[in-house]
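Take a look at this one; I'll ask things after.
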Amino acid sequence: MKKSEIIELIEKLDTSSLAEMYIKDGEFELSLKKAGAVVQPIAAPQQVAAPVVPAMDGHMAQDPAAEAGGSGAAAETADESHEFITAPIVGTFYRTPSPDSPPYVEEGDEVSKGETICIIEAMKVMNELEAEFDCRIKRILVENQQMIEYGTPLFEVEKL
Amino acid sequence: MKKSEIIELIEKLDTSSLAEMYIKDGEFELSLKKAGAVVQPIAAPQQVAAPVVPAMDGHMAQDPAAEAGGSGAAAETADESHEFITAPIVGTFYRTPSPDSPPYVEEGDEVSKGETICIIEAMKVMNELEAEFDCRIKRILVENQQMIEYGTPLFEVEKL
Amino acid sequence: MVKSVFIANRGEIAVRIVRTLKEMGIEAVVGYSEADRVSLAVELADKAVCIGPAEAKKSYLHSANLISGALYADCDAIHPGVGFLSESAQFAQQVQDAGLVFIGPDAETISFLGDKVQARQTALDAGLPVTPGSDGPVTDLETAVAFAEKAGYPVIIKAASGGGGKGMRIVREESELESAMRIATHEAETSFSDGTIYIEKYLENPRHIEVQILADTFGNVIHLGERDCSLQKNHQKVLEESPSPGIDPDIRERMCSDAVNLFKKIGYKGAGTIEFLFDGEDYYFMEVNARVQVEHPVSEYISNVDIIKEQIRGCSGEPMDITQEDVKLEGASIECRINAATPGKITRYLQPGGRNVRVDSFLYQGYTVSPHYDSLVSKLITYGRDRRSAIARMKRALDEYVIEGIDTNIEVQKKILNSTLFQRGIFGTFGLSRILEE
Amino acid sequence: MVKSVFIANRGEIAVRIVRTLKEMGIEAVVGYSEADRVSLAVELADKAVCIGPAEAKKSYLHSANLISGALYADCDAIHPGVGFLSESAQFAQQVQDAGLVFIGPDAETISFLGDKVQARQTALDAGLPVTPGSDGPVTDLETAVAFAEKAGYPVIIKAASGGGGKGMRIVREESELESAMRIATHEAETSFSDGTIYIEKYLENPRHIEVQILADTFGNVIHLGERDCSLQKNHQKVLEESPSPGIDPDIRERMCSDAVNLFKKIGYKGAGTIEFLFDGEDYYFMEVNARVQVEHPVSEYISNVDIIKEQIRGCSGEPMDITQEDVKLEGASIECRINAATPGKITRYLQPGGRNVRVDSFLYQGYTVSPHYDSLVSKLITYGRDRRSAIARMKRALDEYVIEGIDTNIEVQKKILNSTLFQRGIFGTFGLSRILEE
C-alpha cells in the first residue's frame, strides 16, 4: 500500500465516526485507532455551527472540505479531483465586474493562476479574487450578490 | 517504506486525532502511538473517598473487598481464600463481651455459623455480630473499641 | 458555637449546607450511603462517613448509623437537611440524648406541630385565622352536617395524623357526607393507625403561600416575607417565587406578623415555615414546616440573608446576626425545580452563569444520577429588580442549561415561564394543570 | 432600541454580552474566528458568523470582516467588548459610517481621550486634581529640571501617545534626567511614531482606584462607586474589589462627583471608567477607559445595576433605566481573575455555585483552551454584606473550583485571599509582589 493511500485512510477515519480500523491484506496489515473512545458531543462542529445561516450550515456539516476550507483560499482533500476555493474575507460575492458586464467565469471554464474569478465587496471596496493555481471551475456554489462569511466555499474546482 | 515517508506519516498522525498506528508490510513493521491517554478522574472512588479518615480510606482504596463489603456482612472476591466480614452498622467495635472477659475470637480460630465474633456498640446498644458461615479468622483488621463506619472490613476470614 | 456539623442528608441540600458551613469556618462532615460515595457533597466536605447501603431505610433514615457516624467523626451537631429525618421528633430526641446539637427545633416542638389538630388549635389561640372547621375530632354525622351547613359546601374531611392526601375526602353535598366520613376514618385507621378525623371548609384553587421565619434562643423571631408555592403537580412544588404576585402589602404585613406571633408563642428556634391558603381576600393557617425548605433560596435573594447560617446560629445557642430592622425585602426571585425523569450518567453538563443567577445542584459532567432517591437534581434560581426581569433572566438561564444523559423537566419549566397565566401572576393551586393543558 | 447586536469579541466578555442581550430580548450575533468555532459564546448566541482565521489580526482586529459580518447578519449595532478594537476610534468611525450603532462613545471622544496630554488638560479644566506634571510636552532639559525640582523626585517621564509601560522612565535624581529623556523619546518614536514626552510626579505604591460611570444621550451621567484595582502583576490586574478598603466616604464622594463632572463636560455616552491614583491622602486623575471593563461585575454586585444593559441603552439613544437616586451601593464584592498558564483541553470542570457567587466564564468540560488569545478564562466574583463575608465566600468558592487539563492561577488567588496584607486591606500597586514574596 502506498503512503498516499494510508494518509487517505487516516483522513477518512479521522472525519468518520468510526473509532478504529484494522486491515490485513496477505502480507500487509494496517491498524488505526482514534483517541478518546468517548465522543464529546460539544466537539461536533455542525452542532455548534448551527446558529449560522442554515443553508450554509448544512453545506459545512456535510462537507469536510468546507471545514478544511478556512485554512486558506484553496482547500485540499484526499480526493484530488474534489477541491474548493473559499472566501478569504467576509463580504458580498459578485460574479461580474459591473452589473452589465459578463461574469468572470462560468461552470466548465478553465482559468489559469492569477486570473480574476470573482469580486468580493467589503466596506465598499471591490476585492478581486484571483485563482491561486490553474484549474477548471466545476461548480459555482454561491449566488451573485450573496453575502458570504469567511471560509465559505465559492467554487468547486479541479486542479489542472 | 522510505524514512521521509515514515516522517510524513508521523507528522500526519500527530496532527490527526488518532491515538496510535501500526503497520506491518511483509518484513516491514511500523507502530506509532500518541502519548497521554484521556482519563476521567471524576469516577475514581478513592479520590472522592479521600475525606474519610485516612487510615480507613487507604484500606478501602487498596482493597476491592472493602468496596464490595458494604453489600452484606460478608464480602466475596474472586479469590475464595480472601474474604472479609465487614461492619453492618456504624459504631464502636468490641472484641470482648465485657472489659474483663476474654475476646470472642483470636486470629487463627475456627468459628461456626451463628457464633458471636464481636460486638458493635451503637446508641448504647450492644449488637452481637454473628458469623454467617463457618470460617477461620485469618486476621482481625480493627482495634478493640475502634469507631468503625458502615462497610469497614473487620475480619479477614477463610470459608470452611 | 458548634465546631463540626454532621450533615445527615444528601444531594443538593447537603452541598448547600457544606457551602455555608465552610463560609462560617465550621467543619463540614457528610454522612453518605454507598450509592453516594462518589458525589459532590462528599467531595466538597471536609470529611465524609459511610453510614449505610443505598437503601434509605438503612442509611439516611437509619438514626443509629447517622448519630454513630456523627460521633465517629467527632462532630458536635447534626443538620438533618430536608426530607428524610428532618421532621422526626424521635430522631431529634435521639440526637439530643447523644449529647449533640440538633440543627432544628426541639423534639417536643416538632412532635407538637406534627399533630394537625393541636397545631390548628394553637394557631387559633395565637389569633391566626384558620379555615372554618370542626375545631377538633368529629365522630358523629350530626356534628358534621351542622358544621357543613354553617360553613357551606364544599368541605374537606382530613385525618388528624394524616398527610399526603391519605384519609382526605372532598364533600360537595350533604348526601355524600356519611359515606365519605366512613371511608376517611377507615383510610386513616389503616394508614396511620389512628382513625381520628376532622372537617374543614374546602377552598377551590387557593394560593399556597408560606412565610419564612427565623428564630434564636434569645427570643428573637423574624420573618423574611412570603413565598408563593401555588404551582404544584400532585402536591409536589414545581416553581416557587417571592414575593407572591397575588399578595398586597397589607395582607403580607398581617400574614408575616401573625407568623411571627405564632412562633414566639411556641418558643420555636431555627428556620421554619408557616403555610397559609389565600382565597384572594382572606388567608387561613394550614400548617407549620419545622425545618428549612427546598425553596428557601428565593427568600435568601430578596432578603440577602443566609437562612442556613442563621438557622445554625439560632439552633446552637447563638444570637442571630440580624434583626427584623436589618431585613430589607427588595426585588423578585424565582426558583425552578429541575427534576430527573430518569436516572443515568450525565454525558454533558453546561450550568447557567452570569449575573443574578444561582444554581444549587450536585450534578457535574460524568456524574451518575442514582435511581435510589428523590428526583430533584438542581434548583435554578434567578433574581431581578422586579418580577418581569426575574422572569426574563429565568428564561435566559433555562435556555442556557444543558443536561444530557438523563431526561429532565426543563421543557416543562420553559412552558410555565412562557405561559401568560404565569406571566400575569394570576393562578392558584390549580394553575399548573391549567398551564400544562394549554 | 436596537434589534440585533453583533458582538465583535470572544471569550467570557462575548458570553457576558450575549446573556444581557437575551434578557433584553435583543438578538445576539457572535462573530467568531475559526479557532472559536466550537465555543460557548457561539453556542449561546442566536446567530454566529465566521469572521476570519485564528490569528486576531485577520479576525477580531480586522475591521472590514467584523463590519461586513454585522451587515451579513442584518445587525443594527456592534458591541466591541473589551480589548481588541474596543478603544479604536477608527473602528468606531467605520462602524458609524457603515450605518451601524457603535456600543461605545463617539469616535471623536475615543480619539480625544486617547491622547493622554489632551485628556489630562481636560481633567484639569474640569477641576480634577492631576499629579503635578509638566502640563504639556517637554522638549528641553531645563524645563524638565525646573519641574522636577518644583515637584520633587522621583518623577516619571511618559510618552504622550504611550501605553503599556513603553516610553516610561522613573527618574530619582537630576543626574539621571537627561539620559532618561533621551531614551524615553527614542522609545516613544519607535513604538508610537510620536516622540512627544511629558513629565509627572511619580507616586510610590499608590492605590489604583477607578470610578464606574454610565451615561446616556439625554445628559444623564451617573456613577456606581469606585473599584480598587491595586493588586496587579506587570500592569495586569489580578484581583479587584468594590468598595475599596482604603477610601473613606468623603474621598469617595469627591472622586465620584469629579468623575461625573468630567464625563458631563466631554459629552460621554455608555459605560466608561476614570482611573485615579490615591496616595492615602489625595487622589490624582490618571486616564479614562472609554469602554466597559473586565472588572465591571463587582460594581454590578454592589449597585445591582446591569452595566452592559445600561451601556447598550445609553449608546443606542435610549434613556437609562436608572437614576443616581435609584443606585444604592451596599455590601462588598471581590473578583478573582482566573488565568490559564497553559492552553489545552479541559478534562474536568466543576464550577463553584451557591449563594452570592457569580462565574463569568466560557469554560466547560471538554473545551479546548486555544493558545491564540488572552489568558483570562474565568472571572469568579463573590458578594457579601461586608468585606469579611465576601472574602470568606471567595475562599470557599476558590476551594470548590476544579479546572483540570490546564494550569491556572487559582493557587495564587488563594494565597492572596489568605494573606494578612490583603485581609487587612492595606496595600497599593506594590501589594501583590509583597504578598507573593511572603
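Each chain carries a letter (A, B, C and D) given by its place in the written order, and its residues are counted from 1.
The criterion applied here is as follows: a contact is a pair of C-beta atoms (placed from the backbone, for glycine too) under 8 Å apart; a residue touches a chain by one contact, two chains touch by 3 or more.
Note that this is a predicted model, so its numbers are computed, not measured.
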item: Chain labels contacting subunit A and also subunit C; value: B, D
item: Centroid comparison with subunit A (C-alpha atoms), farthest chain; value: C
item: Centre distance in Å when subunit A and subunit D are each reduced to the mean of their C-alpha atoms; value: 40
item: Centre distance in Å when subunit C and subunit D are each reduced to the mean of their C-alpha atoms; value: 44
item: Centroid distance [mean C-alpha coordinates] between subunit B and subunit A, Å; value: 54
item: Whole-Å separation of chain centres (CA-atom averages), subunit B against subunit D; value: 53
item: Touching two or more other chains - residues of subunit D; value: 348, 364, 366
item: Residues of subunit B whose C-beta touches two or more other chains; value: 38, 40, 42
item: Of all residues in subunit C, those that touch subunit B in their complex; value: 30, 34, 37-39, 42-43, 45-53, 59, 62-69, 71-73, 94, 98, 364-367
item: Residue numbers on subunit D that touch subunit C, as the complex places them; value: 15-16, 19-20, 22-25, 40, 44, 297, 300, 304, 306, 331, 348-351, 353-355, 357-361, 364-366, 385, 389, 392-393, 395-396, 399-400
item: In the complex with subunit C, residue positions of subunit B that touch it; value: 40, 42-43, 45, 48-49, 51-53, 70-71, 89-92, 122-123, 125, 147-151
item: In the complex with subunit B, residue positions of subunit A that touch it; value: 1, 3, 6-7, 10-11, 13-14, 27-36, 38
item: Residues of subunit B touching subunit A in the complex; value: 1, 5, 8-9, 12-13, 16-26, 34, 37-38
